[in-house]
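Read from first to last, the chains carry the letters A, B and C; within each, the first residue is number 1.
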Amino acid sequence: MPITTTRRRLLAGSAAALALPAFARAQSAVKPRLTAISQWSAGSDGAAITALGKKFEEKGGTWQHSPVPGFTTEMMNKLRAQIIAGDPPACSQLKGPEIAAWSKIAPTLDLDAVVAAAGYEKVVAPDLAKLHKPGGKWIALPLQIYSTNMLFLSKRAMDKAKADKIPVTWAEFNDLADKMKSGGVAFPVANGGTRPDDGQKFEAALAGISPAVYRAAIMNLDEKALKAPEIKAAFVQVRKIADWMDPNVGAQHFSTNLKRFVDGDMGMMIMGGWAQGVLRNAGFKFDDFMIAPGPSDNSKPVFLLNADAFIFWQRKEPDLQAGQTLMAQLVMDPAIQTMYSQITGSIPVRTDVDLSGEGWSDGQRRTAAALKEAIASNQAVLSLAHNMAQENGMTAAMIDVITEYVKNKTIKPEQAATRLAEAVESSR
Amino acid sequence: MRERTFAPSRILIYLIVSLIAVAWLAPLAVVVLNSLRTNEEIAQGSMIGWPQHLAWSNYATAWSGFCVAETCAGIRPYMLNSALITIPATILSTLLGAVAGYAVSLWRFRGDNWIYGIVTLGIFLPQQMRLLPWTIVLRDTGLMNTLTGLVVIHTIQGLSFTTLFCRNYYVAIPHELIRAARIDGAGFFRIFWRIILPLSPPILVVTVIWQFTHIWNEFLYGVTFTTGQQQPVTAALIALSAAVADIPQHGVQSAAVIIAALPTLLIYLLGGRYFVRGLTAGAVK
Amino acid sequence: MTIAVSTRPGRPAAFDWVRRLPEYLTIWVPLLLSAAHLIAFTLWTIWISFTPSTLVPVSGWVGLRNYSAVAASRNWQIALDNLLLFGSAFVLLSLVTGLVLAILLDQRIRGENVLRSIFLYPLAVSFVVTGTVWSWLLNPGLGIQKLVHDLGWTSFRFDWLIDRDMAIWTIVIAAIWQSSGFAMALFLAGLRSVDADLIKAAQIDGAGPVRMYRRVILPTLWPITITVIVIQLQFAISTFDLVRALTNGGPGIATQLPALVVYDLMFQRSLLGRGAAAAVLMLLILLAVLLPYAAWRYVQRRRAIHA
């Protein structure tokens, strides 16, 4: 089975695709067509990509989206199969450092010209831009941004605790949780039990305690930082959070608990902005809950960046090339980003979109403001739990330690910190 | 063992059997009940409960309503895809397996034991391991993203089971029967057609049931080797259950599970008696 | 046992060969395709396990590094421990359940058809569905425990799913529910083919039902028992969809199983080489199960021939 020829074959294909200035010209000559792979099949994700497809067709294109339901792994299986078959989609969902990793196995499209034409570089957070131009050239475009450590507060639980102040630091968070507990809130922290859920608790804790250590240890895998006392402190905080959660959640998704959260049986939820989209789709009102940036011990917002993006693969067909140009333009378009974010509950990648208008929620405005402040104070970091900080292999090794710690209360915080460092070491 | 009076021991037997049967039916009952409850009702109570009023709309939504991305056609088109993959692959793998089992058991040829041994070892080769090699094969044969490709995969993989079942069944056929036919001048196919096939229904029922349910329920290959419009029904079920950006839709999900399981359940209900009979005759050796 | 039929004399060999071409093709093409794909895929996986492949297969040589990395990982060690526990518990319990069900159904009871269908129907359902439904039932916040609490018995606990020591047993429960029917069918088949004269003779000797089973019927079921054990072990080793839908390896990483680790390494962590190494180790475990079985079969056959 001559699998080794694949790369060579793909590289040969890239030579043909170098004749790319057909880019702009092709658009007028042929009907643009786009083949796309994503895992967005249901709920607000499905609705948003469907709306994007409609816009694409309004501009005269043919939209051929192939959703791969299930987990990200199955989506990647599909993408891998298409790449091995020498038939990658015109664009596909991919995010974080995986963009750089995957760009090494098949030729990607150089988007510099379209990005420059749209003036996109100026309005994207620099840390984020870097992930999408691994070789110095844009090959992927971020579409929407979430912060994975937004703090959702149930109004009814706040009433039970007789509190109205949103906690800013972890100490205040812990204080409020205690108050909720004594006020009759069964579980001060609402949560799901999936692996990313557990990962989010840890990253929110560490980044809130020290964004600098988070950056050094989790993003840069610095050995010394991985042994810093802040890591242990983060695990201590995670244990507190875990103790306030409903142990009966099992491996259920966080959305299973949304009703109990709104009803005030559960108090606070550390979750990404996507929970907003889910809450709204489920028919809950914005008065039922409040949203604020997650706890930060230096009181300045910490933003754990999670951005969905499309990577563009080289294709020779003129109609696909025209489709890629059109798609790139749409993804960067402020109106499209507005539409997309308003469906899913995210915020636009463009920092120049005005969120004061109707259609945006308070939560989204707060998220956008938090991003600006966090960038200014160098406290915008990349999410580990949602595959933004490390490639999948490293991420999974670290999450193994974290999820085991959350579910097993006999593991001591210092033990977990040591295991985390060991997991990093063995996955390098 | 013969009397049919209601001796205490018989009452005990009925009691035990009924208790186990109830336990066995419980998961099905829960799904059926949930398929008639609204999503909100389930969210408020537990997953186990009696429907307040019968929400038949779950079935309508599951059959032709819910959306997988931009396609809002429910489970219906995916059922058709699954049928288009499962039926040909089941027929092909059963027929080829029957011929192969017949050849291996009654026509001894050089190397038959070896090849039979290797083929049946295929039962034990894990699915996950075969995913990438199949990708390469589909690329080289140009069958990527075609239903034909999936039929080919399931036929070749299915041969391991069908050959095993049929061979064990045919081994029990008296060889005098074949010898007599050969003396009368009957050849390989004629004997198969006239003698073997008429004797085969019990074991063919077993292989058909086995193959049909396995292929119908397959997910990994089904989503990797198809495009959106050709995905099998398992993909639609996953789309309903693993929705990250949605509150759980347990009601609709349960209805979809019931609809998707109907073909295989029916096959087991109709074929159950023959399943045991076929096993009695063959596969247990 | 089988007759080796040589071509009949009196015909030119070449003509015979051409005449029989269609039958050669029908016999050999499917068998060779099947055997070839199995051999090629296995060799390919072995080769990949020695390469530094990550996202896609690449050539290169890293020796046993992938193997040592897998063997040293906590996930794999936990998976092996679990396989030992899950494998033996599941095989034993499904064997007992299947046998008990078969004996009960063999008592000429009314409604046997219905009952048999009830015990067989889980086989018709996909593992993903089974895993999902059991994850509802066994989830203490959604399923049986919640139901009992709502009925008023609030101290009732059935939370194995979230208990990392007991969670593996939830997989045992679901697996038994799903596949005992198959064991039952095989045993029932065996019970039905017990020689009627044997039973009659025992009856004449005045054997009661218990003694009849212990002394006469059950001993004849040995070969079937071995078949059931091998099939269920095979099921245990390749269990994948069920765990993924039921616990996804959790709580934490407490219910990892080898097949789950293989898939996780190969596709989720994009460490193809390591995943292939884990797959090869899994095949070796399978061989360890199958070789004794094959040897046993061989001895049996020899004995049958010499008897």
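Everything that follows uses one rule, which is that a residue touches a chain if its C-beta (ideal position, glycine included) is under 8 Å from a C-beta of that chain, and two chains touch if they have at least 3 such contacts.
These figures come from a predicted structure and were not determined experimentally.
Just to note, of B-C and A-B, the chains joined by more C-beta pairs in contact are B-C. Each chain's centre was taken as the mean of its CA atoms, and the one lying most distant from chain B is A.
Chain A and chain B have Cα centroids lying 38 Å from one another.
Rounded to a whole number, the gap between the C-alpha centres of chain B and chain C is 15 angstrom.
The set of chain B residues touching two or more other chains comprises 131-133, 137, 219, 238. Of all residues in chain C, those that touch two or more other chains are 40, 44, 57, 139, 142, 146, 263, 267. The set of chain A residues that touch two or more partner chains comprises 1, 3, 71, 77, 80, 84, 256.
Only residues 40, 44, 54-59, 69, 72-75, 135, 139-142, 145-146, 159, 161-162, 164, 247-248, 250-254, 263-264, 267-271 of chain C touch chain A when the two sit together in their complex.
Within the complex, the chain A residues that touch chain C are 1, 3-4, 6-7, 71-73, 76-77, 80, 83-84, 101-102, 104-105, 193-195, 246-252, 256, 391-393, 396-397, 400, 403-408, 426.
Residues 43-44, 67-70, 131-133, 135-140, 144, 219-220, 223-225, 227-229, 231, 235-236, 238-240, 242-248 of chain B are the ones touching chain A in the complex. By the touch rule above, chain B contacts chain C in their complex via residues 1-2, 4, 10, 13-14, 16-17, 20-21, 24-28, 30-31, 45-49, 96-97, 99-100, 103-109, 115-116, 118-119, 121-133, 137, 156-157, 159-160, 163, 171, 175, 178-179, 182, 187-189, 213, 216-219, 234, 237-238, 241, 250, 257, 260-261, 264-265, 267-269, 272-273, 275-277, 279-281, 283-285.
The touching residues of chain C, counted against chain B in their complex, run 1-5, 20, 22-23, 26-27, 30-35, 37-42, 44-45, 57, 101, 104-105, 107-109, 113, 115-130, 132-134, 136-137, 139, 142-144, 146-147, 150, 177, 185-186, 188-190, 192-193, 209, 212, 223-224, 227, 234, 237-238, 240-241, 259, 262-263, 266-267, 272, 275-276, 279, 282-283, 286, 290.
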